[in-house]
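Got some structures for you, see below.
Note that chain A is present in both complexes that follow, paired respectively with chain B and with chain C.
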Partner chain A sequence: MIDAVQLAQNLVNGFGLGLIYGLIGIGFCVIYNASGIVNFAQGVFVMLGGMVCHTLLSRLGLPISAAAVLTIPVVAVIGILMEILIVRPMWNRGASTFAIILATLATQMLIEQITLLTLGDQPRTYDSFTAGGPLKLGGVAISYQLFWVLGFGTLMVAGLWLFFTRSRMGRALRACSQNAEAAALLGIPVKRMLLASFALSAALGAIAGILVTPSQITAYNVGTPYGVNGFIAAIIGGFGSASGAVAGGLLLGILQAFAIVAFGAGFKNVAALTVLLIVLLVFPNGIFAGVKSLWARRT
Partner chain B sequence: MTSPDIISTKAPGLAWARILPAVLGLGVLVYAFTSNGYVVTVVGFAAIYGLLCTGLNFFMGFTGQASFGQNAFAALGSYGSAILCTDYNVEPVLALVMTMVFSGLVALVVGYPTLRLRGHYLAMATFALGLITYEISVEWTDLTQGYMGYSGIPPLSLGPFQAQTDKQQLAVILVVLALGVLAAVRLRGSRFGRACRAIAGSEAAAGALGIPVARYKLISFVIAAVYASAAGSLFAHFVGFISPEVFGTTMVVQSFTMLYLGGIGTIAGPLIGAVVVSVLPELMRGLKDYQNIGYLVLLLAILIYAPKGVVGLLDSLSGKWRR
Partner chain C sequence: MASAPPLLELRDLSASYGHVQALKPTSLTVAEGELVTILGPNGAGKSTLLRAVTRLTPGTGQILFQGRDVSRLATHRLSELGIIMVQEGRGLFSQMTVRENLILGGYNAGGDRVLLEARLQQVFDLFPRLKERVDQLSSSMSGGEQQMLAIGRALMAGPKLLMLDEPSLGLAPRVAAEIIATLGELNCSGLGILLVEQKAPLALRLAKRVYVLSLGRVAVELPANEIGSHHDLARYYLH
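Let's look at the complex of A and B:
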């Protein structure tokens, strides 16, 4: 029979992981909203976040706060380079959607190979931000790292909301997503916005990677699962909506927790991908919009 | 970029640039049959990938769709042949046909809902298909033996004739490839193939002309899956051993590299791409660890600077020549 404690433990873990998926999902949305491009290399930023932070910790002996603060701009610069070297030339030549998607996928593999050669293939992790724990609630262990994830996750979502609704740049990004030509006519530098979206998206991925590494391991090849799960989170939330992506991520994390209890840990990715296919086919505008429209149709 | 010249009415002339690939291909084959086992293996892989890409090209090049999940069908074919031939002693050729039919049916069932999607949704959904198949091939150890892989797959045979040596196997693969390419050529010029190219040009216009867009997309997806399955089966027999890693994301990127390098939407393109991409790593062996990097940089350069591939370059060259 399903063990209640085990289920609760998995749900707690799934919740934390789901929030991470949500952050990655927002990364997808930021670039998509600015350009209509889906960056399949989103997961690589998560990997880089963990790997760069680990390298700074272990090789330079920095404290975790300094390493984390340094990691984010480093990864953001990689995102900017990716936009300048690969996406922009294709964009300017009017390449097809599929060609750009393939190029981002190839970029992901390229960055993975470079990481493999420079940092090695050993999986690695580092200590939680605060020592001690886990917090015991009945039989359920809650690591202190989860609170960091929750805290930073909430902070980031709130910060992004403010950025997109209150700041000039955030509003300009939203304007680009609604109508790039009209935005350009209003004097918004659309190309610079695309660059900014890659930087922001890479920074988001890096933060997710820094947060998740103490509770998971990181290695040169962890990008694809994170990227795919982040994409699924974004899809569930209706592609393009930041709050939807977070809700989608949490839903996905919880669903995966059930899948682990029911079928075993090996099938958690199969469960996630099946959810993706079902959502794509049944609610192509996201679950929340889909349910709303079903509701509207009924009444 | 991928839309072919559907309104072209003039028959394709035999400019030197069109003959060149054929001559080179023949040269590669002669070289393979007169060389040692290693070259035979490389050319064999190239031929198998050529088959996979010819099918993928039908769906991507002619019909203008995208499948990032052809590795799923290659895995189906490969594992199907491996299981049928080792555990049930089915004739390899019979197993090949059975798995092709099975893959086609799977593609039909999976493609029916999936192909309603467009753009990046379609790309991600098909990508997910490939990933799901990969995960299942790792986890369902009773059937696939997981990471251990499936070994002891017999070489191809038909009745009394058994392809014992590498060269005999290569010959069989080439026969299958030739049949596949011939079918692609015939299909391309057929009413169905022309309709597919119209869909690539504009779905709305094709629909307005009375072309059943959804059905034709589905059929070309099934065709691509059947090709991939056959390629997978041949791979299993040629190598004698398969494991999940063979059918990972690398396979998707590799087949796309071949398609874009050779020239998407042409008959010769996938074949040229398959040969070049298979031989290139052998030439870059000196780079050792940097081999994968060199290869990915090449792919990115092609995508950015020469999205029509080698065939596109040759065509524009031969055009200049005639003028």
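Let's look at the complex of A and C:
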């Protein structure tokens, strides 16, 4: 028998985690949309967000707000370095997108190993942003951190939407993704835009990592699972808008919650990868584009 | 008094794709306020020439703009100087609206809203059709409207030299004529234009000079009004 309270609890957890997957997925979309590159090192930005924030909290004794505000630019600089040291030289030599994507995967492993050697292999976590909780609703516990995740998630989606549709730079980034040559002909510095997309994407990853760490643990090797789930969220969302990625993440998180209740915790990743395969097979342009085009065909 | 340097001067500009030299060393000039037409059959190297000038395709040789050597500048820097190209196939941002395409055209204005608004008004005056469709996706418009948008977007960039790669390609003759006439108006108001076409009976009425490109090199350079007296050229390019 499936216990209703347990199911509800898992759904709440899945919702929170799914939101994080969505935020990670947005990071994939930002770089992909500016360059056509899928940055498989996206997960390390999430890992670094948690690890750097933890280090600032524990070594310097900063309050969480200060640690978070410092962590974001630090991780953004790592994203910038990655673009300058690895992606740009390959891009300039005319490397194929495929080769660059492989290089991002190698970068992921490299940064994981550097983190392991400098910060150690101990898993770690820190307190929720607000003390107290969890909120009890029936038998279901809702941690206060979930509200922080929800609040920042909403802010990020709205902020990115404004950025990409209203600001000069956001529009220029989209222009580069749709037609890089035309963008350059209009005076848009395409290479600088690629750099900006790595900085933005790393910052977004860091925010996700800072937000998720209190309810999970962080360690040098959490980047891969976060990266994979964020990637799946982005795929479900069609690798386009921020809201698509978040919706994809929520769908994924909730499906994983069902899988845990129905088949046990070991099936969490099986569920995620099954969803990925089904989406790729049935809706190669993402579920939302797929539904839209089905709808368009009907009407 | 020394005469002003030409708006654009190419000295032995050439460009290759791999081992194939698609553009042999080519020299040409466009004076301030002049409309020059480049004609040539498919594959003659016309697009390669424009791509080499804008450095979308790297070339060798010299590019002088208003007397200044700009051969080593990146594409976006040339755009800032006022060298603006409308690509073959228009190069619109297909998933953006007409308005967004136009605003991006004004990227060089650096977010100066007053300047952008003034240029937008000029473009709408020139192409009222774009104003009606301002919130439509660019890909949902007809070919003629898309070409108007491509030109309008280029004008938003504040060009000193406007280069167009086969703007009448694939358009109904009446629409093509309308677009060529607009280019004539722009030229009359002082804009230097380098117009590439395969055949151009209409453009030749506006142009002062014509270069005929063949197999990657300039085969003939002559005043536009003389092309009629070259029977072989007239037969090919005027009809």
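To be clear about the criterion, the second predicted complex is superposed on the first by the 297 of 299 C-alpha atoms of A that agree within 3 Å, B and C clash if a C-alpha of one lies under 4 Å from a C-alpha of the other, contacts with A are read in each partner's own complex, and residues count from 1 in each chain.
As a working rule, a residue touches a chain if its C-beta (ideal position, glycine included) is under 8 Å from a C-beta of that chain, and two chains touch if they have at least 3 such contacts.
A quick note: this is a predicted structure, and the numbers were derived from the prediction, not measured.
With both complexes brought onto chain A, simultaneous placement of chain B and chain C is permitted, the two fitting side by side without a clash. Shared-chain residue A:267: touches chain B; no touch with chain C. Of the two partner chains, neither chain B nor chain C is touched by A:77. With chain A as the common frame, chain A serves as the apex of an angle whose CA-centre rays point to chain B and chain C; its value is 90 degrees, to a multiple of 10. Of the two partner chains placed by the overlay, only chain C lies in contact with A:175; chain B stays clear of it. Of the two partner chains, chain C is the only one that A:190 touches; chain B does not reach it. When the two complexes are overlaid, the chain among chain B and chain C that reaches more residues of chain A is B.
Taken over all C-alpha pairs, chain B and chain C come no nearer than 13 Å in the superposed arrangement.
Chain A residues in contact with chain B (one complex) as well as with chain C (other complex) do not exist.
Interface of chain A with chain C (complex): residues 168, 171-172, 174-175, 178-179, 181-190. Every residue of chain A that touches chain B in the complex is listed here, in rising order: 38, 40, 86, 89-90, 93-99, 101-103, 105-107, 109-110, 113-114, 117, 224, 228, 231, 235, 266-267, 269-270, 273-274, 276-277, 280-281, 284. Residues of chain B touching chain A in their complex: 1-2, 60, 66, 68, 113-114, 116-117, 119-121, 123-125, 127-129, 131-132, 135-136, 138-139, 249-250, 252-253, 256, 260, 289-290, 292-293, 296-297, 299-300, 303-305, 307. Within the complex formed with chain A, the residues of chain C that make contact are 54, 56, 74-76, 79-80, 84-85, 87, 91-96, 100, 103-105, 107-108, 111, 153, 157.
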